[in-house]
Structure formats: C-alpha cells, structure tokens
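Pasting the structures in now, so scroll down.
In what comes next, chain A is part of two complexes: it sits with chain B in the first one and with chain C in the second one.
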Partner chain A sequence: MSAKYQKVGYYPGCALEGTGHAYNRSTKALGKKLGLDLVEVKNWNCCGAMEVKNIDPKLQSYLSSRVMSIAANEMGLDTVMAPCNGCYHNLKKAEYDLANDPATIETVEKLSGKAGHKAYQAEQVETIHALDWIKQAIGEDGIRERVKNSLSGLKIANYYGCMYTRPRHIFPEKDQGGDSESTLQPHYMDDLLAAAGAEIVDYPLKTACCGGAHTLADSDISTKLVLNLLRTAETCGADVIATECPTCHSGLEMHQIRAETEFQQKTKPVILYFTQLLGLALGVKPKKLGIHENISDALPLLKSRNLA
Partner chain B sequence: MPIHEKTLIRPENLRVQESLEIDGVDVSGHWSTFIESRAITDYNEAIEDEVAALPGGEYIHRCWQCGSCTNSCTVNAINAEFNPRHWIYLVRIGMESELLRDKEIIWQCVSCNKCTYACPRDVNPEGVMKSLAHWLELKGHTEKSPAQHFDEVFAGQVFATGKIEEGRIIRAFFARTGQALRQDWLMVMAKRLVRHLPLKMMIAMGIGTMFQPKTRGWGRARAAIAEHIAEQKARERKALGLTD
Partner chain C sequence: MTNFDAIECRIDLLSQGQTDASAAASELLALGEQVLELWIEARDETPGQEKREGFRLLALHRQGARGEPSFNACRETCRELVYHYNLIALEPEHQDIAKRIMLAAMVAKHLCLFVGGKMAVAEIGEFCCSSRDAQAAAR
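Up next, the complex of A and B:
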C-alpha cells in the first residue's frame, strides 16, 4: 500500500471530547493497531460547528482556518484528519472560501493578525476525513489481510449524513471517477466494512438528514427524521447502523430513545461507529474501542456473534 | 416527488352563498364559490436587497424558480408548508404580507444542504433560509426562534473560550428557553449511558464537567471576534434601515 497518510495531523474537535468520546477512543485505537501515526493538532479550537455560520459564515471560516494554520505553520503538518463530519466539512468550507472568496481572505487575515497567529493560506494543508485516512493509508486489501474476527453475518447499513458530501463544490476530490468518493452514493465505509467481512445492506438513506442541527431546538422534527432512518435500516434488514460522525451518532442514539419514550416507537438496529466495527474485526478489545460508552447497547448483539 | 405548491387564495377570500339569485340565476352553494378579488398594492420592494445584505442571502437574485430546492428539501417532506422556492419568489417580488404567513416555520431549516446541492443557479437556498429567519427577527416580525437561542448559546461559548462543552450548552439552552432539564427521555438516555460504565470512569466524567474546556491564549482571538461581530451587526442594522 502507498505510504500516503501514514502520519497525519489529528483534529478530534469538541464533540469527540464529550458525547463522541467513544469515537475518539476507537479512532486512536484503530490508528495504533494499524501502525498509523496520529499527531494531535496543538491547542486547537472549535471549528464553528453548525451554529457559528448562522451568526456569520466568515467567523466560521476564521475559526476553522486557525486550526489549519497551527497544523501548517506551527507543526509543519501537510494533512489534517478530522473524524467528525462537522469539523471536516467546516475545514473544507474554509479551504474553499480562502481559495475563492476575497472577502473571507480579508476577514481571516485581519482576525488572525489581531489574534496573534499566522493567517492560513489556501492549500497549506489537505483536510481529510477518517474514512479517507483508512481507505487511502490501509485500503480494503490491507484490512482484508489483517482481519482476525470477520464481521461475517453482521448486516450493516452505512449512514454518512449530510456534511460529508454536501455541498459538492467544497469537496473537489470527490466525484472524480475511479476509486474516488461519490457525493450521491458514498461508498468508502461500505468498502472498508465489506473488507472486514460484514454484509452491507443496500441502504437508500445513506446521505439523508438526521436533523442534527436542531436536535434540541426542534426535537420533534429530529425524532421524525431519525425514526425514518432507523425504520428504513430495519426494513433493509440491518442489525447495525454504522456511523462516521459524532453528531449523527449521538442524534441517532438520542432520538431512538426519544421515539421510544415519547412516541412509543421502538426500533431494533444498534448504532456503532465504523471505527469500532473495524477495530473489532482487527481484534481490538471492545473496551479499548469504547463500545461500553455507547448509549445504544451493542454488546448483546456483538456477544451473540462472538465479536465481543 | 411532486412539489406541493401553496395557494395564493386565502380561505377568508372565498365566498359561498347559502341562497343567492342573481338575474334569475341561482348561484347558491359550493358549485358557485366566488373568490373575492384583491389588488395587492403593498409590495415591499426593499426586502430582496435587505435579505441579500444578511449572511447567506447574497445570491437570492440568481433564482429562476425551478423548484429544485423545495423538491429536495428535508423539511418539506415532513411539512408541505415549508417551501423555499415559494419564499424566494415572495421575497423577490416583495410580497411581504404573504411571506409573513409562514414566519413561524422558516427557522426550521435543518441545514442539510440538499437544496444547495440541487440548485442549478448556486443560489445557496440554505443560506437564504438563514438570512430570511434572521431578517424576520431583526425586523421584529418574530421572537427569537429556539434555533436562534441555540446558535447564540453555542457560538457564545465558542467565542468566549475557543471550545464548547456539550453539558453546559444543554443546560444553558434549556434555561434560556424555559424547559425543564429533567425530560423523561433525557433521564432514560442518562441511565443507558451509565449502564456499562465502570464507576471510575463515571467519576472522571463528573469531574470533567466541572472544568470548562478552553483554548489557551484565546484572549486576543476573543477580542478580535467581538470587534468583528460588533462591526457586522452595525452593518446589518444599517442595511435594514434600523436605528437603535
């Protein structure tokens, strides 16, 4: 396999230090198991999440650019890997705006100067998602060679959410044919989990919305959207919904419970991060992957399949 | 999926007579429903420029009404009254009174960006929804929406410390919107969260919530952001013709 992404800057983001703790833990454990080097970006800040852009999109670009500036100018990194869709999306958005929008460049330069750090310049670093990282650094063959406990028999629906693929223009490397990622039918998670032996179900709602932006502000809409995701996965025969974003993941967990307690709608699929599933297949202990930290209880299912 | 379109005929303008005869012709009942004609004279031609002056609304003028946004919309699939194409139309022709009929739902856009993906004219309809919600609030047509409260609580923490801590956000948001923190479903969630956790870890998590995460040396960034926001707000108010 190519030497690409063997050492990357790691930007966990706020959610991975809170509700997405298990994603942080399993990403690190997976990197360690695969011999990949994760160097955490020093003294990082919030990327702006989904809220700051509603105050002012240019401020979101500034916040995201500061993270990339530290990685490039203070740590000499050429790649930043973000496992959270929100962080990944915002860094990509800032990258796009800093290459194309003079007003954003002006704001970022002004704010960076006042804040006392070098302003980030477009193309200093490449931002990638945790899926790009594993897919490029290890690949399906690399996973296949290393599988200790095949996920065979486990039926998985892969859920990518909104921010991994939309809007298209901030992801110029996607939709390039060949093995590149698709914005309409993303497949990196499908490829990797299939290589780990899982049975991937044909899930039509891969890039549907979980309502994460209004998970508390408009809980009923979020519950309806999540219930649709869960019911459809169930209908497709999935035991597991695999996620690659802490907001989607906690949204699915939270509104699965809310649908149960407030609307008496019980659904079966358990929710696991793709890093947890890959880790299990590679023989990492469930505890090291934070599976006991998930609210959605996957342990009975995993035990029944001899995976935990 | 077909687009549900809104009717411009208001229910209060429909006239059905129980018994009416005009020139010897019986025009009673449902089959002879009349629509009271109305002349619209109160166009507000400033709205488009005002919406375009707020972040996200910059490209509203590009719209050619194809309806791809509404067709792809996540919220429209749940509530057919939520119709971005229709609102862009109303803003562009200045039909303020029609727009205000939907003022309480415009903030419900979930920012999934399906519209932005589908739009052939790069209108950025998602941004337009945000600028429109913002316009309604600045003009005093609506109270701050729950989403606006959430954005302010969240962004406020980011601006203050450089990072957020979710527990603090949830508590602050519930307090601001007058909701009880002890929601049944939150309690069930908390119980399930701790189900498999060792005591050691729960204690560590409890202690963790007492310390607010911070980016070191954030003071200068905080001051620069505060200054930027003050300038931005002044620009927005000026564009909307508002004085303090």
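Up next, the complex of A and C:
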C-alpha cells in the first residue's frame, strides 16, 4: 500500500458542508478509523463548480488552482483529496489546463498576483478522489483484515456518476492497466465494498447521467433519469445504491421521493455513501457516519442485517 | 407526442417481454439508433450508415460526439446497449432472458431520456456535461 496517502490534504468542497454533510462526516470518521491523516486545506474556496465555469472557464481554473496552491505552497502538502466528483473533476481539469494551455497559465498567474498568493504550477500536487485514497492507502486486503461487521448479504449497485471518469484526457493515471481505475468500467468502489463482504451486482448504468444540474431547469427529466437508475438497480437485485458524489447522492435521494409524489412510482433501494458502508463494516456507529442525516432511510434495512 | 416520447413508449412496451427475445433486442438497438439519428439530424447532419466494432449505434455515437465532447456522457450507455443486445442475441433461450430484456430496455430508455433532455435545453446547456461559457456565447 502507498505510504504517500497516509496523510493527504482534504478539500471537502461546498457540497460537503451542505447537502453532503453526511459524506463529510463519514469520510472523516472512516479516515480516523483507518488511522489516516486528513489535513483540511485552510481557507479553501469554491472549485468553480458549474456556475463559474458557465461564465468563464479560466476563472474556474483559477479558483481550483488556488486550492492547490494553498495546499502546496502554504501547507507543504503533495496530495489533495476531494471526495466530491465535481471538485475532483475541476481540480483535475485545472491541472490539465495549467499543463497545456498558455492562456490559462496567464490568467491564473494574473489572478493569483492580484489575490496575493503564489500561482499554482502544474504537478505541484496530485489530486485524488476519496476512492483513490482508500484504495491506495488501505486497499482491499487492508479492508478485509479490518472488517468487524461484514456487509455479507447486502446487494449493492455502485453508482459512480458522470464526472469521476469524464473527460478521459484529464485523468492520465486511469486506464493504465493492472490495478488502475477504468474510465469505461470504473471498479474501485466495487473492489472496496466487495472486500467489506458486500455482494456487488452488475449495474449497467454505473456512469450514466443522473440529471444533476439539469434539475434546476427541468425537474421532470431529472426525476425520470433518476427513476430509471433506481428501477435498473432494483431489477439488478440491489438493496442499496452506493454513491461517491454528493450531487449524485442528493439527486438520487430527492428524485426518489419526487418520483413517488409526482409520478406515483415507488422504488426500494436505499442510497448510502460508500464511506458510510465501509464505516459500518469497520464497526463505526451509524450516527458517527451521519446515516441519520441521509434523506433515504437506510436504518430499517441496516438493522435487519445487524449492521445498525 | 414527440419522437422521443414515442420511442420511450415503445421501449417500455418491449421491456414487458412479450416480444420474441431476439426481435426485442434488435428493435431496442434500432430504437437507440433512432435516438442518435434525432440528435444528429438536429445538428443539420445526415446520420451515417457505417458501423464501428460491428454496430451502427457506436458509429452514430461517434458522429454525434464530433465537435460536441459532452455527448461522450452517453458513450458507455451506448456500449452497454450493445453489450445487452449481444447477451440476448447470443442466448435467446437463457433462463434469465426476461430480466436481460428488461435491463436492455432500461439502458435504451436512459439513452432516450438523456439525449431527449439534452436536446430540450440545447440552447442553454444546463446539463453538467454541456455547460458552456456564457460570455463566449454572447460574443
């Protein structure tokens, strides 16, 4: 396992302080249980998400670069871990643009000077996702050795969403064969949860669109997309959809309810963050993992499997 | 009823498994092609007839993504539809055939919903994958 990831810069991002609070709580609880050191990037800012990108993509690159600059130049960190797919994607995109686009470099240098901090230089830090963090720092064997409450009997569909693997060119470390992550068929969440004893179902829509930001313009389309994700998971036999992105997670939760109230379509799978599932397997109490903060009520299912 | 609504209805009907398995698989693949044809035609192009890896659906996806990288957000959905077509076509008598047809239909439906939704907001690009620079559009 990589000692490099024992201590990483933690960039929670805005969603983890709001709708994704349970993801924040469970990521920290999981890190603590595993003896991993999360050092929150001080004075971090929004990654630019969708809104800033829609105004000016270079400004979005600057915002992401500032987070990496603080981690590298002010905190001496060499790795930044972002659990949110949007933040992870934007940091990766900024990294790519700063290595390849002179106009982005110029904008970042100019704005960094105005803001009074060192401009981030490409490759000063490595950006990883929470899945990379656990997979590389602990691995499947490490999880297997530490399991106290096996997830055995729990059927899980792993949903990665769209931004964890796209666009392919900003993730040069993926698709490298061996144990590297795949952009076509991501498997890190499958590997980790299987190591915790879960039965992973073959889920054909693991990287399909959840409607995400589109819900602001046309909620019905987002509800239909989510309903199809839920129905498909149900058809695959899943009790649980595991997520690794706060936007996907809250979209699945909210549109599951909306599908019921607006379209009278009830679906059974409960939605849990992969960090919550791993935490349960390692013996962390549900409350410390924020399971009570989820909209999707997983407690009856978890109690029936002696996991809560 | 829009073309997308009609395709969605047909997919729902096929998911019920009342059609011969091989015929259902072929029709679901053809419906996927129709979805991509609508996208390509809306961009004032003529849908091609060539195939990639033996499937017109995959060639149409490549055509649809040309100059529009955000369309790659449905690349894996197209590949999953091809995979499920193969599963059904190669073993039409398999004991899980009803489930396989239903899953193929769900994958086809996702493609239809995604592309239909994407076209409905083509001007403003609110899908995460198609967000665009508002200032560049104004210029």
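Quick note on the criterion: the second predicted complex is superposed on the first by the 306 of 308 C-alpha atoms of A that agree within 3 Å, B and C clash if a C-alpha of one lies under 4 Å from a C-alpha of the other, contacts with A are read in each partner's own complex, and residues count from 1 in each chain.
Assume contacts are C-beta pairs under 8 Å (C-beta built on N, C-alpha and C of every residue); 3 or more make two chains touch, one makes a residue touch a chain.
Keep in mind that this is a model prediction, so the values were computed, not measured.
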item	value
Overlay on chain A: chain C relative to chain B, clash or fit	clash
Touched partner set for A:55, first chain B, second chain C, both or neither	both
Touched partner set for A:45, first chain B, second chain C, both or neither	first
Touching partner for A:213 - first (chain B), second (chain C), both, neither	both
Which of chain B and chain C A:204 touches, first, second, both or neither	second
Contacts of A:254 with chain B and chain C, given as first, second, both or neither	first
Dominant toucher of chain A (residue count), chain B or chain C	B
Touching partner for A:231 - first (chain B), second (chain C), both, neither	second
First (chain B), second (chain C), both or neither touched by A:162	both
Chain B versus chain C as contact partner of A:79, first or second or both or neither	neither
Set of chain A residues, in rising order, touched by both chain B and chain C	50, 53-57, 162-163, 166-167, 208-209, 211-214, 216-218, 221, 224-225
Touching residues on chain A, where the partner in the complex is chain B	14-15, 17-19, 43-46, 48-59, 62-63, 66, 107, 110-111, 114-116, 162-163, 165-168, 183, 208-209, 211-214, 216-218, 221-222, 224-225, 253-254, 257-258, 260-262, 292-293, 295, 297, 299
Partner chain A, residues of chain C touching it in the complex	69, 72-74, 76-77, 79-80, 83-84, 99, 102-103, 106-107, 109-110, 113-114, 116-117, 120-121, 124-129, 131-135
Chain A-facing residues of chain B, complex	55-56, 74-75, 78, 108, 110-114, 116-117, 127, 130, 134, 145-152, 154-155, 158, 162-167, 170, 173-174, 184-185, 188-189, 192-193, 195-197, 201, 213, 215-218, 220-221, 223-225, 227-229, 232
Contact set on chain A toward chain C in their complex	50, 53-57, 86, 162-163, 166-167, 184, 204-205, 207-209, 211-214, 216-218, 221, 224-225, 228-229, 231-232, 235-236
